[in-house]
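Order as written gives the chain letters A, B and C; numbering starts at 1 within each chain.
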Amino acid sequence: MGQYRMLVDVTKCIGCYSCRVACQMENDLPPDQSYISFCEVEKGEYPNVEWVMHRFSCLHCEDAVCEKVCPQNAISYSQTGAVVVDQEQCIGCEYCEKNCPFGRAKVELCQDKEGNSVSRANKCTLCNGKVLEGMTPACASTCYTEAIVFGESDEILQKAEQRLAEVKDRYPDANIYNPEGVGGTHTIYLLAHKPEEYDLESDATTPASAIIWKDYAQPLGKLLLGATTMAVIGGAISNRLFNKGEHHEGGE
Amino acid sequence: MLKPVSRRSFIKASAATAAAVSLTSFDMHSWMASASADEKAAISKIPTTCNGCSSQCGMIAYTKNGRLWKLEGHPDHPRSKGTLCARGHGYATLIYSKERLEQPMKRMENGKYEPISWEQAFKEIGDKLKEIIKEHGPESVALVQDPRPTGNVYATRFIKALGSPNYYTHHVACNNSRDTGFNHTIGGVPSADIANSSYIMFIGRSYGDGIRPSSMSALAQAKENGAKVIIVDPRKNNTSPFADQWLPIRPGTDLALVLAMAHILIEKDLYDAGFIEDHATGFEEFKKEVKQYTPEWAEKVTGIDAQTIKTIATDMAQLKPKAVIEQSWRGAFGCNYKNSTETGRAVALFNAMLGNIQQEGGYIFGASAGLGDLDPDQFPAPQEPDAVKDGEEDFPLAPRGRGVANIVPLRAKEGKMKAAFYHHSNAALGYGNPEYYKEALNEMDLVVTIDVQMSETALLSHYVLPEPSYMERDDAVDGVGGGTAAVVLRQKAVDRVHPNTKPADEIFTELAKASGVGEYFTFTLEDYNKAAVEPLGITMDELREKGSIPLEDKKAEIGTVPEFNTPSGKVEFASQTFEDAGFNAVPTWIPPLVEPKNGSYRLTTGKQAIHSHTQTANIPMLMQITKDYDLERLWMNRQEAKKKGIQDSDLVEVSSDSASSTVKVKLTDRLHPETVYIPSHYGITSKYLTTAKGVGFSYMEHVPFHFQPMSGCSMIHEVIVDVRKVDA
Amino acid sequence: MPDHMKQRDLLLFYAELYKPPGDAVYEVISHPDFRTELEQASGAALNDCCDLPSLSSLKEEFRSLFSSSSQNGISLIESFYKPWTTDQTAALPFAQSKGMMMGDPAWHMRYLLEEIGLNSSYDPMFYPDHISVILELAAFLLEEQETDKFTLLVSQHLNWLDDLVEAIRKQKKDSLYLKLTELLNKFVNEFTICNQSFDRLKEDSVC
């Protein structure tokens, strides 16, 4: 299977929230949990004002920090390009949440198979199951303005470039947000303004500490101590190494 | 001894044996596991229609063991084309909500509601109705609804059978002004062919806020093809990402803009003279009237500069007939201002001047489905009542079929209207001032509400009759007009949750029997549905299977100008009917009824994509979005707020002559300084609707109870408010 | 009368109690021996309570507590207290929320009633997982001496009485319904098995 990409073209979003609701349906999310968040950007003064609705969800990084820091290996890459959480493996330690440069991984109360409430990492799955069955993600298929489009990786990149050219006139600062620092992403954004306007860093990266953690500390530690103990220790390491507050401002 | 003597047991044990069920199946966990395992086989796919708003998009319900499992847009339905909006997905949760009406209820002496049996409800209502009719005549009875397919068949027949002409719809608070204007000029309301148009102007209407999926995608397509899009709205609405230009017009002055644009076409000789020659009357009179409406004049009235007006009118003329002013819905002139009917006329006539009628990219009168009806020999229809519909004499121009629903409370206060039925209608919060409605409905001898939840109107009723939700019942077959007409069916997708609810067809049939007019209701819903599809050469089985069937032989004819449904059969630039009713034959500038003075604002309102009127406010999934993003806030121009020391998200008091409300404020540069804007979905007061109650306020509380002179509409934007910061 | 028949009558009494009160149920409650009989049959003590209300005030109390026509009406329906479904394939936002009608419990109850051949009467209050229906089915199982099935039923379909007790307590602390529901809860708890699952039942690990 080839790899896929999703393009969110914020210049086409009308803020109708249909994608949010369709996603909640698809993923059985209760009313107060959502993989998609919105932020409105108003630029200029009456009557010369531009309004843009920024619909935001997990970026599915090539080099995903959340995947690296998870002590349980509960986060992995799907063949579609998605970064997915296996909630049965997840223990709710919040490393992913603390370390995601985009504030997308969230630990929330979920139901396990027996219907008990448990804390689990919860984020956009790029509709992995659907895509594996050859279908389009729920949000993309419900968006009637085509602000969300999904397809083969390269085609989507091309589409993004083409749209960028089309909107440059109206939004001179427009850009494609596909940060190199995390190896590129499988959800890319066509932003109307500089990333900072949306509380995004232009140069979001995978912190070196996360790489060390993943590749050295964690496998060793796990062998010796077992997962749960590691989670406790890892919490301390992780918090100290890349504390969210110091590393980057904003988030959502 | 503990066992009560006469048990009213729910379950009857005659031939039962517990041995019939294995111990494994008794265990809910193992049973669930095995029942879910063969789920694939058990999932059924039922095409039906949404009831999240009046678009009633086709959708496909997947169900498992009689319960809802998943929803999708119906690919063949002209309005959903495979997608559903947020409401479409979210509103379905109504089925399993606890806050629904479960059984018939009656208001007791002490004001509390007691459950009663259907037999009792029908009997008491029937008896009371007979008594009222005997004493005051059938004209003292009214029926009001927000029409849905079954109601269109049954409710109209019911009120007619009682001998009363007083049938009304919700359109007084929707698009009756526009329709009045369109009907008397071009004989009806066509739809703009957005996808093929090159120049589109929207006045007040926002596809991005009042969602219909197919309309929004048509607009996206038009943009793709390079169309120019102008939005005329005091608010830079959510369609703006698709607009090239925003004209922040002073609210209530759209008429002046359109008249000035017409002026340009005439002055520069840019209109389609051939079309006018062949298909119009009264153009000379119109020309004379419009002479005074120069762009410079319009600039003073609207705040839009004369040059812009000239350019737009000229550009549109150049691209005609693929240029269009979209027909709008409630938007800016559905029921909003004193001059809204005139705006409707001006818009229709401007399009006629572009010669775009029945042309690609212009205004298209759609084909209708042409449904059949019951055989009158087998099922005799009630006679047309002799009396005229109350309100028709006061508002002779208003669309006759729909009437002016706010006549009902007015006449109730005068002591003339004694009984009213409200079906799928929250008139008391949605049509006119709620205080007025409350006083008026309390005057009546009999008020009956038929609904799915305890609305504000239900709370003013003597009897409340519960319907199953739209997913738990069959409705009457419906025809959808358009480029290609379609026939659609809303059908029962899931098992009924509340066993003691009854669908409207049964309710009206029983009410008719109890009121002594049962002879007109000897048919079943299935009889009607069969008769409806008969002339289409489609069987009910086919329709049940497909849910929505496009009628390929019922297509709008493009290129041929039709005979217009007006007295002259032509486009009427001057209307004798208007003159006879005491108005000007040609559209004339009328200023709005009220004007904000320094420091006060016009209160305007409009839709949000996630709600439908107040009907969806109690759906937790949709209301949560409101709460997450504070969508119930009052919009205010940033500079104006600064003058008053108001900051974003401050609590403010909004006060008018009629009411005072407190709400948080949203500061924005997307709004004309003379207005404050409040979304129209909030301000639920019914304590039975706990998710919605207490969020935001209802603009209707501020709107005085008044009538637009030509169409009888509620003039919902003719209200001035003061806004001041509330100290915390 | 054998114990299980006494318990059956106890359950049938409760089944009546959760329907709008009429003469029959009132006759039982107002009988001088009511408390003794009740405690004997349930093997538990009734918490001290209020005076015996009149039938009309009992009716009013029932209405204000449980009727859907009163605001904040307390639900007597099991689904309301449980996640709507535990089936992971349901693509619905409320799939795992509580407070919805016609959830898994209703679906299972309907299946049981149909399979056993207990015809549900078309009654306005008939919901397959209404507390009275569950109690009537439990009584039927006792009568048939189907102890295992009885245990499963009360363990799985009456394990929400804590919530019900709480809900009533919140609205009316001195309600007769509160005291009686507390007693029912104690009685039911006697039969409840730990893990609520069939496998455990086989292993006989009742707590």
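The criterion applied here is as follows: a contact is a pair of C-beta atoms (placed from the backbone, for glycine too) under 8 Å apart; a residue touches a chain by one contact, two chains touch by 3 or more.
Owing to the predicted nature of the structure, the values given are computational and were not obtained by experimental measurement.
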Chain contact topology (line, ring, star, complete or other): complete
Winner on C-beta contact pairs when A-B is weighed against B-C: B-C
Closest chain to global C-alpha mean, per-chain Cα centroids: B
Centre-of-Cα separation between chain C and chain A, whole angstrom: 46
Chain A and chain B, separation of their C-alpha mean positions in angstrom: 39
Chain B-chain C separation of Cα centroids, rounded to whole Å: 44
Where chain B touches two or more other chains at once, by residue number: 70-71, 89-90, 620-621
Contacts with two or more other chains, residues of chain C listed in rising order: 86, 90-94
Shared interface positions of chain A, touching two or more other chains: 21, 24-25, 31
Residue ranges of chain C in contact with chain B within the complex: 6, 9-10, 12-13, 15-16, 19, 22, 24-25, 27-28, 31, 33, 37-38, 41, 63, 67-71, 75, 80, 84-87, 89-94, 99-105, 107-108, 111-113, 115-127, 130, 132-133, 136-137, 140-141, 144, 146, 148-149, 152-153, 156-157, 196-198, 201
For the chain B and chain C complex, residues of the former touching the latter: 1-21, 23-32, 35-36, 39, 62, 64-71, 89-90, 92-93, 95-98, 101-103, 105, 112-115, 117, 495, 497-500, 620-621, 687-688, 690
Residue numbers on chain A that touch chain B, as the complex places them: 11-18, 20-22, 24-25, 31-32, 34, 38, 42, 44-47, 49, 51-53, 141-146
Of all residues in chain C, those that touch chain A in their complex: 82-83, 86, 88, 90-97
Residue ranges of chain B touching chain A (in the complex, touch as defined): 70-71, 73, 82-86, 89-90, 207-209, 211, 213-214, 216-217, 220, 236, 238-242, 246, 248, 609-610, 620-625, 628-629, 637-639, 668-673
